[in-house]
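Read through the structures below before going on.
Two complexes follow with chain A in common, the first pairing it with chain B and the second with chain C.
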Partner chain A sequence: MIVETAATRRTRIVLAWLVTGLFVFPLYYWVTTAFKSSKDIFNIPPSVWQFSPTLKNFEEVFGISFGYLQRQEVGMGGGDFYMTPRLIDSIVVALGSTALAIVISTMAAYSLSRMDFSGRHHFVNWILSTRMMPPVAVAIPMFFLYKDIGLMDTHLGIIIIHALMNLPLAVLLLKSFFDDVPREIDESAIIDGATRWTIFRRIILPVASGGIAATAVLCFIFSWTEFIFVLTLTQTGLKTVPVVSSSFVTSTGTAWGNMAALGAASMAPAFIFILLVQKQLVRGLTLGSLKQ
Partner chain B sequence: MANVTYSRVCKNFGSVKVIDELSLEIKDDTFVVLLGASGCGKTTLLRMTAGLETITNGEISINGVRMNEVHPRDRNIAMVFQNYALYPTMSVFENIAFSLEIKKLGREEIKKRVEETAAILNLTDYLHRQPKELSGGQRQRAAMGRAMVRDADVFLFDEPLSNLDAKLRAHMRVEIRQLHDRLKATTIYVTHDQVEAMTMADQIVLMRNGIIEQTASPDELYNRPASKFAADFVGTPSMNFLEGSIESHNGAPCFSNKGLQLPLPPDCPAKAGQAVICGLRPTDLHPDENGPIKGVLRFREKTGAETNLHFSSMDNHLIATTSRDQEIGIGANIAFSIDARRIHLFDKNSERRI
Partner chain C sequence: MPWLAPLVAMLVVFTIYPLIYNVWLSFHEYAPLKRSLVYVGAENWITLFGDERFWSALSVTLSYFIVLLVVQLVLGMLIALLLDSDIAGFGVLRGLLSLTLVIPPAITGMMFLLIEDPEFGVLTFVLDILGVLDSTTPILATSSTALLGIMLADIWQWTPFMVLIFIAGLRSLPQEPNEAAMLDGASALQILRRITLPMMSKVIAVAVLIRGIDLLRAFDYMFVMTSGGPGTSTYTLSLYAWQQTFSFIKWGYGATISLVGLVIVLLLANLFIYFTRVRW
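This part shows the complex of A and B:
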């Protein structure tokens, strides 16, 4: 073990705080901007620590009254910056596409991990290759396709395209989790009389729940932050948070406070989702039940 | 309770022949050990019996019924894996009950059978635990419980003790054998450990490169090994081998190697002049001042109960196992004799027993 002197220890701690600060500060600044009035936002020098907090930005964006805003100042639930439905769109799309991607990818990954069929290796590579294409290259053809089959501007359409976008990563990630589960467990269950489906459902899924949770988190975040497909495949039916963020840039100026309020609020669902699956995530890393 | 028959079974992985025309008959209720070095095909043979590997050619049948195309679940076999393969998210109870649940037995019936099995294996206090909360020996027993609860015709064990420490292994050897005596089920047990094979088996099938080298009881395998390979594989320390030829001294056959003369029994089937390999077990060599095997002590290896003496005799390196009281200095001259009936002779070319 390396013995640490007081000086190196101090340096290490200072460095750690510096790096942490470097990452956390933009987040802090963005979140506090959401609570600032326009006056405080444009202060020079910037008012980093001292400002008079207000919930006005949130009131405008979510149409809830905290008493900072006169009702007539902005049409409650109808103003230009009223974003509650957009946040709901985002949640529906992210949850829906994550669920769809996970259902398909767990089954695909299990077959790729366990079943021998010719060309399996090429199949895995092919799945991976679909991820190599830049989304922009697909967006325009998808636009025409969606227009023809009626998926344009629908929640289902965006759920499907986001699930498709996440499938390669999810399949490969889950395949590696399933590969880590010893084949003998399947074989033992086969001898015990279980069918493939029973093995998948009763044994493999619970064992790999940590891996599935980790994959779900990634799918959720990718869908939550996706921009290009939502921009090209929707008109008025729905918009997700990343796309509507641009609507705060208006001809009369940028509503930084409102944009920050939406941004700060949009961190919450992803954060909650991660908290919910955190227990599984940790368990996924500590599969200590097998003697290998 | 079942007979298992292998007739001309072959297994190829691509162009590699793992099992080559293997035929074997395993009788009802016997404890058969498949013994061999790693890569000899013993585990493949076991997995083919279980239905986890396809059979390239030939036929495996249980109780006269061809099994080649029968699904593993319909073969009524039970298998214990090397890494136990317990279901990690299920408790010991659920692990043992799993196969019964699949068979859709009633809850009461399942509970009764699991508890009976647990009692036999001393697992009653651990039924609610998860596999990760068990020690190695307990996991091993849980895996056996899962196999036992099913009333299978044939029990298959794939090196089940190799993950345990030496002491626990010795203990589990006895337990598994006692369990077999109690359940009387046909058992096929794969191991590379000759001690496990010798102590547990009714019959040992010694395998080498996908073929059977010898099928025999432990006593016969030790006392009358069919080939040099079998003689070398079984017994610790390994048998000493000397190359030489058969000579006749006044009508009595005798083995000769660079001046070393060993008298052979008068009914020895080897012909005079035949080139042979002579095998001497270290435990059969007895210190004897007038003995024919003379040498110089090079190294002493104490195992506690016995001492292995490494000595050189006419350019040959030999080992003799003696009682621990033998206190001989390194470099001292020593001599050994051997009972002529304990000398093993193998043909030099075929390496088969003469």
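This part shows the complex of A and C:
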């Protein structure tokens, strides 16, 4: 450590909070917009700190009454910006695709971690290349494939494509967690007569459960935030939150308050998740390449 | 090997099939009158080379990639050096920075659309006070500033990605070389240049690789913030390919453009992996 004088230390603290404040500000502004009435949103100069808070936007978006609007005005399912079904679509797709990706990738990651076969290195590179595919280059062929096999505009179709998208992350990340489990454990279990499947289920999965949970969280978040596949492969059957956000832009203006309410509500679970996996975050962001 | 079979099957669907289908599609085009695809030979490829909008999209994609990679790398390293400390509260700051990473980019685009609004946007207001930009110039509707307006959203969302990776990298470095250099009278800057950064090279390479891939595939911000406009100033290859395919029903031509984007990413990323010897 470089020795710090009291003055440089103080400067450093101030600077650190200032820089972080700059990054937090857009988030603060967005979340407060969700609690503003149109009058405060369209105010010039912008009302950043002072406004009269309201839950009206949340009432309109989720069809629940908090007393800011009359119950009949909330328009259960009737309002233009009623988005509860879209939130449910997002949850179904994210949970389903995460489950599918984890089931396939735990098995694959375990065999990549334990079994030596020639060309393993090339195989890992192939998985990595999948992470490089521009979504648009996958979305165009998938559009025609989905039309032919009837997966167009279905939850199952989006679940499958999101699981596919998350496979490189899941396999490489899980492999790095399984690599942390010493091979000696497997070997002694084999001597005791255990099969590969028993070892996988009884030893590897429980020991690496923290890593599997972190992987699942990241898969969930990437499905939750994905845009282009949902945009391309759905019409009216379902829409996730990111894609539906543009429908708040109407010919008579943009419903900023409603959009911010939906956006803020959809960020909440992701924020909780990311804070839960803070310890494995860098490992996850680098697909298992860097360990904290 | 049966354990790998489901993975292999899915990877084939996700990589080999789109590749072959795009190549096949690039030699066909949708004929509205026949309501079907017809073989057109190399016509799409010939059109591509004479298409000014394609070249513009290519140059926007590449400048977006280079500018943002450099900005996020430098900014990320500076902030990482600033925050890499055990001072009370710095853990909270690192947690706060990680929040931007889980916001859907489409929503981030909307956030910056609000902030950069020509009438009541906070940024417009601040820039006007500072005298940087007249409030009569709409940031996202002016071709000279629109791409900058989008880049700002990307910088905001993904600089923390670099910061968190670099902090983890800095923390994993051994302290002895620094201490030895300090005893020999090296300055902080010398230690950074000669010891810290070289030891961080693998970490930097991984961060650059992953961020670079995503920058080359940029789509979401442009789609929600400008739809490529004004003119062609914010068209990336991905966005141009998507619009040709789905807005203008030029299936073959869209596939041709998307293939170019795909080849560029795969080529650059694999060359980078080859030369930096990053291993997974």
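One rule holds for everything that comes next: the second predicted complex is superposed on the first by the 260 of 292 C-alpha atoms of A that agree within 3 Å, B and C clash if a C-alpha of one lies under 4 Å from a C-alpha of the other, contacts with A are read in each partner's own complex, and residues count from 1 in each chain.
Here is the rule we go by: a residue touches a chain if its C-beta (ideal position, glycine included) is under 8 Å from a C-beta of that chain, and two chains touch if they have at least 3 such contacts.
Note that this is a predicted model, so its numbers are computed, not measured.
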item: Which of chain B and chain C A:Ala137 touches, first, second, both or neither; value: second
item: Partner chain in contact with A:Leu276 - chain B first, chain C second, else both or neither; value: neither
item: Chain B versus chain C as contact partner of A:Gly193, first or second or both or neither; value: first
item: Greater residue coverage of chain A in the superposed arrangement, chain B or chain C; value: C
item: First, second, both or neither for A:Ile88, with chain B first and chain C second; value: neither
item: Set intersection of chain A contacts, chain C complex versus chain B complex; value: 287-292
item: Touching residues (chain side chain A, partner chain C) in the complex; value: 1-2, 9, 12-13, 15-17, 19-20, 23-24, 26-27, 29-30, 33, 41-46, 48, 104-105, 107-108, 110-112, 115, 117, 124-145, 163-165, 167, 171-172, 221, 224-228, 231-232, 241-243, 245-246, 248, 254, 256, 259-260, 263, 266-267, 270-271, 273-275, 278, 281-282, 285-292
item: Complex contact set, residues of chain B against chain A; value: 50-52, 72-73, 77-79, 81-90, 98-99, 102-103, 130-132, 136, 139, 146, 150, 163
item: Residues of chain A that touch chain B when the two form their complex; value: 182, 184-185, 187-194, 198, 203, 206-207, 209, 287-292
item: Touching residues (chain side chain C, partner chain A) in the complex; value: 1, 3-4, 6-7, 10-11, 13-15, 17-19, 21-22, 25, 79, 82-83, 85, 87, 89-90, 93, 95-107, 110-115, 119-122, 125, 156, 159-161, 164-165, 168-169, 171-172, 175, 178, 182, 188, 191, 203, 206-207, 210, 213, 216-217, 219-220, 223-224, 237-238, 241-242, 245-246, 251, 254-255, 258-259, 261-262, 265-266, 269-270, 273, 278, 280
